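Pasting a structure here, questions to come.
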């Protein structure tokens, strides 16, 4: 292939990135495959065959789905709602609310884990005390020690950090809608609900898609909270795939199986991203189609 | 209308209370004396305030308790890893790559590639990175950690700065071309300074991401400064997960300590962060 | 002071032909204006001469030397951009000094030249400011200073006045023209604004769709546009056109529908279908002449534009306004045969 002068200059600028990409993205993929597909001195599919009869993997996958679906619903639902509420609110505190609701995003998941351990402690934690004082709970609740409640508690902790992410993105999107459109709608005699349905929603759809995609990827990245707060327990009730890969690799030191599980994880994330890109126009809003021109 | 606004205000006040309460609780826990930390009913407004949790090491049920000062060897490593990976990823890799992509190679597949680099889950790559860094003999070193952290900072900076360089007027670079600057000098002396706000934003976003990162540090490091490269989040998990420590006062003090840098950077960069996080889809 | 020659110059962007086989010659000391609507290729042509774009084919000569393969910095040219393209992070002084610094001139030499050009453009007080602190007119002067400080062989300006407000634009026009005459540097100036072209140019090249439609001095361009495009593009309101035929019946005349214009004293090579053009100021209300109905009156202050129905054709006449005319009036008009222009109906070229 003959490179134009411009492309040659461009290449010079992207060489550091390309070199890094080869060493830290292509080579790791090669390592994953070479570990996952070998064993007993030859090529083998044993590491993948093992998945079918691995009860822990089954549990991890179910938990990952539970964790993802619960987190996505919570974060997107509340984040969206708060954005709409703040956008509709008019008052001097608007800027303060935006700043205050942003704060959780700056907190490290490890620090959130620490907060949760303290706050949700059934004996000394304030959450139980408040629930009892309000008459919602009669007895102390063992949030992190119960197989039914541990995952919801993790989901809430994760939600506390990332609801602001969805909120901020959608709020920024709402702010970009020109005021004249609302004025025109008012002149045209639209009700509040109609304005929301026919003007606001269609205009922020692209940004909602972007928020959904990036938020989903963020949720799937989750590891620190589970590692720190529940260590997968109690029982295996908070085993999620990322935690399971860590256990297989760095507690059981079964690198080959861990590599196979990593590939499985990459496939799951890859299929998810592919489906989102395929069935929505989110790529366009990420500015990808802009670069095609000229 | 006014009653409606009041309803909104109430919703926002509740949301803000929930958003700030855990931080408030951690901070007051770090300032409480032990008897107020472990009391029922819980103490919402401490009567006695102490800074002991920040610097005075004591014993707690026979084990040494933690303090914020005790986390300093980990915090030093966090600063080095965060600043190193952010600076190299932004200035040496991201900025030139973004410039080359925007000004010379307009290729959608390269842009997609960068997007996909950002979507790879850390847990899927922790094993190969561990193997690679072990083989290089860089386990528990700054270099090992920074090399792997570039996988987070370089694509993010590239993507973010593509947007910034794209928004710079091309004619300024053409004027420099006519004035006689070389291609590299146009980049280094004209375009980079013009993109300085973008570079600062990319740096801050990366700093926060790395400061808060735990998984790679967990598998790549095992001891604090000066013997190793273990970072601040692992100070906390070390005592919580491995030692099952209940010395909440000291842990909360250390947690507050770890929170401050990312909180400051986050609040400074707040209005640009949305643009960064949405990869330019929302113009901040 | 240099001349520029373009020989069969073509520039394609993919399959789009931006510059279509242009050949022309720009004389030393000339103020040469490239005028055309957007998309006509005028900016591309300037960028080809600057070296910011590479031609697909054809040659560019500066002072008799082919410069196709030379990068911009070796062509000894200076350029002023539409948005001024000042370096926002440098002071005005450093903006002006940069082209000299890059060329390795000594500090004292640079300082003398910067102060010299700054006083010429009356921006001495601004030297320590950053571009962001300047008004549009001041930025424009700084951009000029940066271009002039090098004593370039060739001075290229790409719509330099279009970001100024109307009053400043008129001032800058006079200033630029006076400056160019004083310095005598060969100047190529791109604009879509015909009043800029008319007021400053020694010669104008009218461009359309990558082709040169006409090259001539401003007066000829206005009075004798060589083709329909130039005729329609130059002048505001635009020239009136009536499609019909040139007929010889003893004397020559122009016939279109019910309209017949006698052309005493004119002669043409052959009868043909043609388009008659005349400017609004060349149609006069008179006591005798062709019947017309006033369909709209547009007062413009010192003059009035009358929209007339002339034998079924809509035309615009410029009226001095000494006689009150209102919509619906019937008037008589005269066309001065001397000022009438005829274009071939097929080729669109001027018939002489």
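So that you can tell them apart, the chains are marked A, B and C in the order they are listed, and the count of residues begins at 1 in each.
We take it that contacts are C-beta pairs under 8 Å (C-beta built on N, C-alpha and C of every residue); 3 or more make two chains touch, one makes a residue touch a chain.
Quantities reported herein were computed from a predicted structural model and do not represent experimental measurements.
**Student:** Going only between touching chains, how few steps reach chain C from chain A?
**Tutor:** Between chain A and chain C, the shortest chain-hopping route counts 2.
**Student:** If you tally the C-beta contacts for A-B and for B-C, which one comes out higher?
**Tutor:** A-B
**Student:** From the C-alpha centre of chain B to that of chain C, how far is it in Å?
**Tutor:** The separation of the two C-alpha centroids amounts to 56 Å.
**Student:** In angstrom, rounded to a whole number, how far apart do the mean CA points of chain A and chain B lie?
**Tutor:** 16
**Student:** In the complex, go through chain B and note every residue touching chain A.
**Tutor:** Against chain A, the touching part of chain B is residues 4-5, 8-9, 11-12, 15-16, 18-23, 25-26, 29, 37-42, 44, 92-94, 96-97, 99-108, 110-113, 115-117, 119-132, 147-148, 150-151, 154, 158, 162-163, 166, 183, 187, 208, 211-212, 214-215, 218-219, 233-234, 236-237, 240-241, 248, 251-252, 255, 258-259, 262-263, 265-267, 270, 273-274, 277-284.
**Student:** Which of the residues in chain B come into contact with chain C in the complex?
**Tutor:** Of all residues in chain B, those touching chain C are 169, 171-172, 174-181, 185, 190, 193-194, 196.
**Student:** Looking at the complex, which residues from chain A come into contact with chain B?
**Tutor:** Within the complex, chain A contacts chain B at residues 6-7, 9-14, 16-17, 20-21, 24-25, 27-29, 31-32, 35, 82, 85-86, 88-91, 93, 96-97, 99-119, 123-126, 129, 160, 164-165, 168-169, 172-173, 176, 206-207, 210-211, 214, 217, 220-221, 223-224, 227-228, 231, 241-243, 245-246, 249-250, 255, 258-259, 262-263, 265-266, 269, 273, 285-294.
**Student:** Would you mind writing out the residues of chain C in touch with chain B in their complex?
**Tutor:** My answer: residues 50-52, 71-73, 77-79, 81-83, 85-89, 98-99, 102-103, 146.
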